[in-house]
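Several structures are given next for inspection.
Below, chain A partners chain B and then partners chain C, in two separate complexes.
Up next, the complex of A and B:
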């Protein structure tokens, strides 16, 4: 069993009259247990050169229904106009602009044939990075676009 | 205009040979509406926590229950995530579609905040 700790803080000194300070820490567990998630994609850095929508991971199926993960995605662009559109289950949830990141649980049992989908706003090249802590039986990037890995 | 600073830290010494010790932070300009940290008791019926009147925003969610999972839908009917007991999330939101929360069972509490950029 592995132990992976995730911490999220949100702070602001000028949002309210009182300063904002939210702090959370938890351990990444397998769904419904206190057994730690034991696999990771590692931190992957990818360069996208098309505005084609990509799946972050291979599409899950019913065999993955009892598995779960936690996903980090960040837009590494430094151009404030560039963004990555994030969709889950074919519904757009939001855009990650330059420097923005997100962190959320991912549950194939909710999605099955759907997935986490990314669409860059420009085809001139955008870096993004992601990491998943999980217990999926199979998880690989989908080679349906023109992505180029940083170490290639 | 105000600044919201989110920071995420991931640490593991044993998930792989190469330890994870990772931290990322951002500086977000918040210029419009804010739903300050709030806490609601959920049921198995839909509760809209993210109003469709919001534009580009950032959303914080935390399931404060010890056992019960909470389902989140961005666009009603579209399963987006399930927050297990104690889990939290931070993500961008278009604001075009509402955010709906409901419990997998029982009446867990959801803590949330929304920051419109």
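Up next, the complex of A and C:
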């Protein structure tokens, strides 16, 4: 096992009349245990020059549905107008603008529909980085899949 | 405008053969601008006592305002418990109000479909962008009918 800690601080002195200060620290455990997650994709840094949607993390094994992975994605652009759209399958999670990051749990349930996907807003080149910490049986970034939509 | 800062640190001395030490700070700004987000739901605290799937954060007009879709909105959620066994499952989609409950599937254009993101065990937190378009509610399902307390906060424009 490994010990991986993650923490978040959220602060603002002028969002409210009073200050906002949220602080959390937790450890990345395997689902239902206090045993640390022991695999990672490593922190990857990628430069994309097209607005084509790509898969960051594809679901290789549905047995991972019960697991408790963690996903980190950051948009490294410095142009405030540039963003990346993050989706899981057909569901758009949201946009990460320049400098934004996200951290979320990941329990991939279904082939294709649980893939985590990224779409740059511009084709002029954008840097971003991402990482998954997990104990999945398999995970690997590949080109986007051809999928059959339920309503087609 | 307001200045809202979020800092994440992820570290491990033994996950890989070389230490991991990731640190990143972002200032929550409006889409395409360098001015800060200025609206929020406030820090919401809810106690859940059933394993029923609920809409935690719904899109559209709310008591705290109307988040604009497809912007730079951010959503924070924490399971305030301490259990390493009990969790809340987080999904994105529309409330599964049918009977029997709709099966998880590719997100449809109408209600009763959802895609699971993952699980928050006791103490776990998440910070994600919030799209806010139709059928993109954030749903939670506790794993236990024992009291599960979660906190969430939406920052939006």
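Throughout what follows, the second predicted complex is superposed on the first by the 136 of 152 C-alpha atoms of A that agree within 3 Å, B and C clash if a C-alpha of one lies under 4 Å from a C-alpha of the other, contacts with A are read in each partner's own complex, and residues count from 1 in each chain.
The rule is simple: a residue touches a chain if its C-beta (ideal position, glycine included) is under 8 Å from a C-beta of that chain, and two chains touch if they have at least 3 such contacts.
From a predicted model like this one, the values you see are computed outputs, not experimental measurements.
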*asked:* Under the superposition described at the top, does placing chain B and chain C together on chain A give a clash or a fit?
replied: clash
*A:69 contacts which: chain B (first), chain C (second), both, neither?*
second
*Does the superposition put A:123 against chain B (first), chain C (second), both, or neither?*
neither
*For A:81, is the partner it touches chain B (first), chain C (second), both, or none of the two (neither)?*
second
*Who does A:103 touch here: chain B (first), chain C (second), both, or neither?*
both
*Give one of first, second, both or neither to describe whether A:89 is in contact with chain B, with chain C, with both, or with none.*
both
*chain A residues touched by both chain B and chain C?*
2-15, 20, 22, 24, 26, 29, 31-32, 36-38, 40, 42-43, 68, 70, 72, 74, 86, 88-97, 99-107, 109-110, 131, 133
*asked:* Under the stated contact criterion, what part of chain B meets chain A in this complex?
replied: 2-16, 18, 20, 22, 24, 26-28, 30, 34, 36-37, 56-57, 59-60, 62, 71, 74-75, 78-84, 86-94, 96-97, 113, 115
_Touching residues of chain A toward chain C in the complex: what are they?_
2-15, 20, 22, 24, 26-27, 29, 31-34, 36-38, 40, 42-43, 65, 68-70, 72, 74, 80-81, 83, 86, 88-97, 99-107, 109-110, 112-114, 131, 133, 147, 149-151
*chain A to chain B touching residues, read off their complex*: 2-16, 20, 22, 24, 26, 29, 31-32, 36-40, 42-43, 68, 70, 72, 74, 86, 88-97, 99-107, 109-111, 131, 133
*chain A partner contacts - residues on chain C that touch it in the complex*: 2-16, 20, 22, 24, 26-29, 31-34, 38, 40, 43, 70-76, 78, 84-85, 87, 89-90, 92-93, 104-109, 114-121, 123-133, 136, 153
